[in-house]
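So, here come the structures, one by one.
First subunit A sits with subunit B, and in the next complex the same chain sits with subunit C.
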Partner chain A sequence: MILWLFDLLLALTLVGLAWRVLAAPDLLQSVVLFIVFGLLMAVAWSRLQAFDIALAEAAIGAGLTGALLLNTLARLESSTGSTSSTSSTTSTPPAGPTSLNRAAEATQPLPRSHGEASEPAPNREDGGEASRENRLVAIPGAKPRPRAAWLSLLGLLMMLSSIMLLGAVHQITRPEEGLREYVLENMEASGVAHPVTAVLLNFRAYDTLLEMGVLLVAVIGAWSLGPLTESALPGVPPGRLLVGLVRLLAPLIVLVSGYILWAGTGQPGGAFQAGAVLSAAGVLLVVAGVVPPPTLQPVHQRVPLLIGLSFFLAVGLGVMPAGQNFLQYPPAATSTLILLIETALTLSIALTLLSLFVGGPRQAANERVEPNEPYRENGVEES
Partner chain B sequence: MSVPIAYAYASMILILSGIWGALGCEHILRRIMALNILGSGVFLLLVVFAYRSPDIPPDPVPHAMVLTGIVVAVSATALGLSLARRIPATLDGAPPRLPDKDASRADPWPAGRDEEA
Partner chain C sequence: MIDILRDILAGICLLVGGLFFFAGTVGLLRFPDVYSRLHALTKADNLGLGWIVLGCALHAESWHVAGKLWLIWLLVMLASTTSCHLVAHAARMMNVPPWKRPA
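Right, the complex of A and B next:
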C-alpha cells in the first residue's frame, strides 16, 4: 500500500516537474528542475526494476545533460550579455545576469500564455533588452506564427497523440507478449550472464554498433560548426577546494567506471553506464581547469573517439572469414570479445560525451572570426 | 500490474507535454528540454511495457532499447545545444537588421531607431 502510494506520488511529481520545466518563468530554475526531473526518473526506473536504465539515467540524464544545459545557459547569457553591452548604442545599461535571464523569457511559453494568446503581447514594444534577448535566443529569422491557427493545430495534434497513447497504455494489460522468453532461453549462448548486456552486445549488437555511429556523427557535427566564438565566461576561477576535490575524485570515478564496466557482464552495468561515469570525470577535470579541454587535434585524442566503432566493426567483420555471419561471435571467444568491445565502447563513449560537452574547437577571445568570412584553417587554438 | 499503471499514465502526460513544449515554447533551450521530456516519456512507456511483476524479472529487450535511446538522446541534445551556442555569433555575423518588418511582434531593432535617438 505504501509502495503504491509512493509510485503514485513519484509519477505525479514527475509530471509536475515536467510542467514546471516548461512553464517556469526563470530559465535557470527550469534547467535545475530538469536535473531534478532526471534524478527522479532514475528513482522511477529502479521502481520499474530497470536498474541498468536507472544507472544510465543518473549518470547521463541527470548528470551530463544537466551539465550540458547549465553550460549552454551560462554561455548564451554571457555571449548575449557581452553583445548587448558592446553593440548597444542605446543608453540602456547592460542588465545583470538575473534580469537578462528574465528578459530572455519575456516571451512566455505557450502553456502560460494560452489565455492571452489572441492579443498581441504589449510588453514587446518597449523592451530594448527584452526584445534583443528574444531575438538572440529564439530561432533567428523564423516567421512568427499566426497564434490562433497554430494553437488549434497543436491542440489537434495533442488530441490525436493522446488517443494513440491511451491505446498504447491499455496494451499493458497483455503482459505475456514480448521477447523476454527468447532472451532467457538463449542466455547460455550469449557469453554473459546479464540479459540486458546480452541483448545489447550479442542479440542486438547491430543496434549498438549503429548507435556508436550516431555518437560519432554527433561529435563530428558539433565540431564541424567552426570554432566557438563566444566570449569566455565572466570568470570565477575554480576555487582551490574544487580543484582539490576534483583531483581526489577523478581517480575514484575512473575506478567506479571500471567496476561498472566489469560488473556489466553479470549484473546491471556495462559500457554505456561506465562510459557516462568516465566522461563525468573528464567533465569535472575540464571544468576545474585541471586538464585543458580536448582539441581533438592530436592523434591520441582521436583514437579513443574512433576506437569503439572501429573495434566493434573489426570484430564484426573479422569473424566472417571463419564462416560466421556479421557480428556472430565464435562461441568459444564470445565472453572475451564482448568484454573487449565493451572496454573500447566505454573509452569512446566517455571521450564522445566529453567532446560534446566542450562543444567545439576553442578560439582565443581576441581573434573573433569576422562575419561572413570563411573560417581560417588554423583558427583552432587551445585555450 | 498495479505498479506501472501510474507510470503509464505519467509517461502519457510526459509525452504530451513534451510535444507541447517542443512546438510551443519560444526559447530554444526550453525546446530542447521539452524534447528530452518527450524522450523520457517514451522511455517510460517502453519500460512499463517491459515490466512483469515484482517477482518476475522484466523483459530485457525494451531495457536495452531504452539504454541505447538515452545515449542517443544525450548526444542529440548536445548537438542541439552546440548549434544553439552558435546562434549569437551567427547573429553577430548576420546583416545587423534582418528584413522582418511584416513580423507581428515588434522588430526588436527597428531600422530607424538609432537615428531617432
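Right, the complex of A and C next:
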C-alpha cells in the first residue's frame, strides 16, 4: 500500500516536473529541473527493477547531460552577450518556485555589474516574462515567438498525433512469449552471469558495436565544427575547496567505475555505466582546472577514443578465421573476451563523453590550453 | 525481542531524518535569501541523511552494507559542503546582499 502510494507520487511528480521543465520561464531553471527529473527518473527505473537503466539514467541522463546542458547554457550566454542581466536578479527576495532559480543563479559564473543587484524589482511574473523574451530573442537565428494561431494549429496537430499514438499503443498485442525465456535458457552459453550484459555484449553484441560507432561519429561531428571561440568552462576561477574535493574524489570515482565495470558481469553495471562514471571524474578535473581539457590531438588521447570500437571490431573479425561467425565468441574464451571488450568500451565511452562535454578544440585565447599543444596548426584548418 | 527493538530504533531514526528533510525543504522555500536557504539545505543533507543512513544501517544485512551506507553519507557531506561553499562564494562575488530584518 505504502509502496503503491510512493509509485503514484513518483509518477505524478515526474509528469509535473516534465511540465515545469518545458514551461519554466528561463533556461537555467529548465536545466536544473531537468537534472532533478533525471534523478527521479532513475528512482522510477529502480522501482521497475531495471537497475541497469537506473544507473545509466543517473550517470548519463542526470549527471552528464546536466553538465552538458549547463555548459551549453554558459556558452550560449557568453556568445550572445550578457542576456542574463535581466530583472530576474533583484534585491527583493522572491518566494516560492523561483527560489531554486535564484539559488542556482548565484552559481552562474557570469559577469554582472554591481548596480543591478540593487535596482528596484518589478514583480515576479514580469521578471520571468522579460527573461524569457530576452533569452528567446538572444539566441542567434531564433525567430520571434510564433503567433497564437500557429500555436493552436500546432496544438491541434499534436493532439491528433497523440490520439493516433494512443490508438497505435492500444492495438499492440502484448506478446505472450517475450525473449526473456530465451535469454534465460541460454545464459550458460553467454559467458556472463547477468542477463542484461549477456544481451548487450553477446546475444546482441552487433547493436552495441554499432552504438559505439554512433558515439565515435558524434565526437567527430562535434569536434569538426571548428575551434570554440568562447571558453565554455566557468569564468570564475575554481576555489581551493573545489580543487581539493576534486582531487579527493577523482581516485574514488575511478575505483567506483572499475567496480561497476567488474560487477557488470554478474549484476547491474557494465561498460556504459562505468564509462559515464569515469567521464564524470574527467569532467570534474577539467572544470576544476586540475587537468587541461583534452585536445584529442596527441596519440595517447586518440587511442582511448578509438579503442572501444576498434577492439570490438577486431574481436568480431578475429574469431572468423577459426570458423566462427562475426562476433560469435569461441565458447572457451567468452567471459574473458567480454570483460576485455567491456574494459575497452569503458575507456572509449569515458573519453567520448568528456570530449562531448568539452565540445571542441580551444582557441589560443584560452589560457587553460598549454601553449605547446600542436593542435592549433591542425585544428583551425577547416574554419 | 531484539528484532522488534531494532525495528523501533530504525523507525525512529528514519522519522527524525525525514523531519530534517522536511524542515530543510520548508527552509528552502521560505527563507529570504541564498545564504539562509543554503543553511537549511545543508542541514537536511548532513543531519537528515545521517539519520536516514543510521536507520538503514540498523536494517543492513551485514557490516559490509552498513559500511557502504556510511561511506555514501560521508561522500554526500563532502559534496554538499563544497557545493554550499561554491554557491555562497559565487553569491558573495556577485554582491548578492544578505537579508536583513526590515527595520
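By our rule, the second predicted complex is superposed on the first by the 268 of 383 C-alpha atoms of A that agree within 3 Å, B and C clash if a C-alpha of one lies under 4 Å from a C-alpha of the other, contacts with A are read in each partner's own complex, and residues count from 1 in each chain.
Definition applied: contacts are C-beta pairs under 8 Å (C-beta built on N, C-alpha and C of every residue); 3 or more make two chains touch, one makes a residue touch a chain.
Being a predicted model, the structure only gives us computed values, none of them experimental.
Visitor: Which partner does A:F357 contact after superposing on A: first (subunit B), second (subunit C), both, neither?
Guide: Touch partner of A:F357: subunit B, not subunit C.
Visitor: Answer with first, second, both or neither: which of subunit B and subunit C does A:S46 touch in the superposed model?
Guide: Touch status of A:S46: no partner.
Visitor: By the touch definition at the top of the document, which applies to A:Q267: first (subunit B), second (subunit C), both, or neither?
Guide: Once the two structures are laid over each other on A, A:Q267 reaches no partner at all.
Visitor: Is A:A11 touching anything from subunit B or subunit C once the two structures are fitted on A? First, second, both or neither.
Guide: First partner only.
Visitor: Does the superposition put A:V169 against subunit B (first), subunit C (second), both, or neither?
Guide: first
Visitor: Quick one: is A:L249 in contact with subunit B, with subunit C, with both, or with neither? Answer first, second, both or neither.
Guide: second
Visitor: Between subunit B and subunit C, whom does A:S161 touch in the aligned arrangement: first, second, both, or neither?
Guide: First partner only, subunit B.
Visitor: Between subunit B and subunit C, point out the one touching more subunit A residues.
Guide: B
Visitor: Could you tell me if A:L68 is touching subunit B, subunit C, both of them or neither one (first, second, both, neither)?
Guide: In the superposition, A:L68 contacts subunit B only.
Visitor: Jot down the residues of subunit A that show up as touching in both complexes, subunit B in one and subunit C in the other.
Guide: 89, 107-109
Visitor: Subunit B touches which residues of subunit A in the complex?
Guide: Counting only subunit A, the residues touching subunit B are 3-4, 7-8, 10-12, 14-15, 18-19, 21-22, 27, 30-31, 34, 37-38, 41, 44-45, 47-50, 52-53, 56-57, 60-61, 64-65, 68-69, 71-73, 75-76, 79-80, 83, 87, 89-90, 104-105, 107-111, 120-121, 124-125, 127, 131-132, 134-141, 143-144, 146, 154, 157-158, 161-162, 165-166, 168-169, 171-173, 175, 178-180, 183, 195-196, 198-200, 203-204, 207-208, 211, 214-215, 218-219, 221-222, 225-226, 228-230, 270, 272, 276, 349, 352-353, 356-357, 359-360, 369-372.
Visitor: Help me check something: in the complex, which residues belonging to subunit C touch subunit A?
Guide: Its residues touching subunit A are 28-30, 32-34, 37-38, 75, 78-79, 82, 85-91, 93-97, 99.
Visitor: Show me the residue ranges of subunit B that touch subunit A in the complex, using the header's touch definition.
Guide: That would be residues 1-21, 23-30, 32-34, 36-37, 40, 43-45, 47-54, 57-68, 70-72, 74-79, 81-94, 98, 100, 103-106, 108-109, 113-114, 117 of subunit B.
Visitor: Per the contact definition, I'd like the list of subunit A residues that touch subunit C in the complex.
Guide: Residues of subunit A touching subunit C: 89, 91, 93, 95-96, 99-100, 102-103, 106-109, 112, 114, 117-118, 236, 239, 241-242, 245, 248-249, 252.
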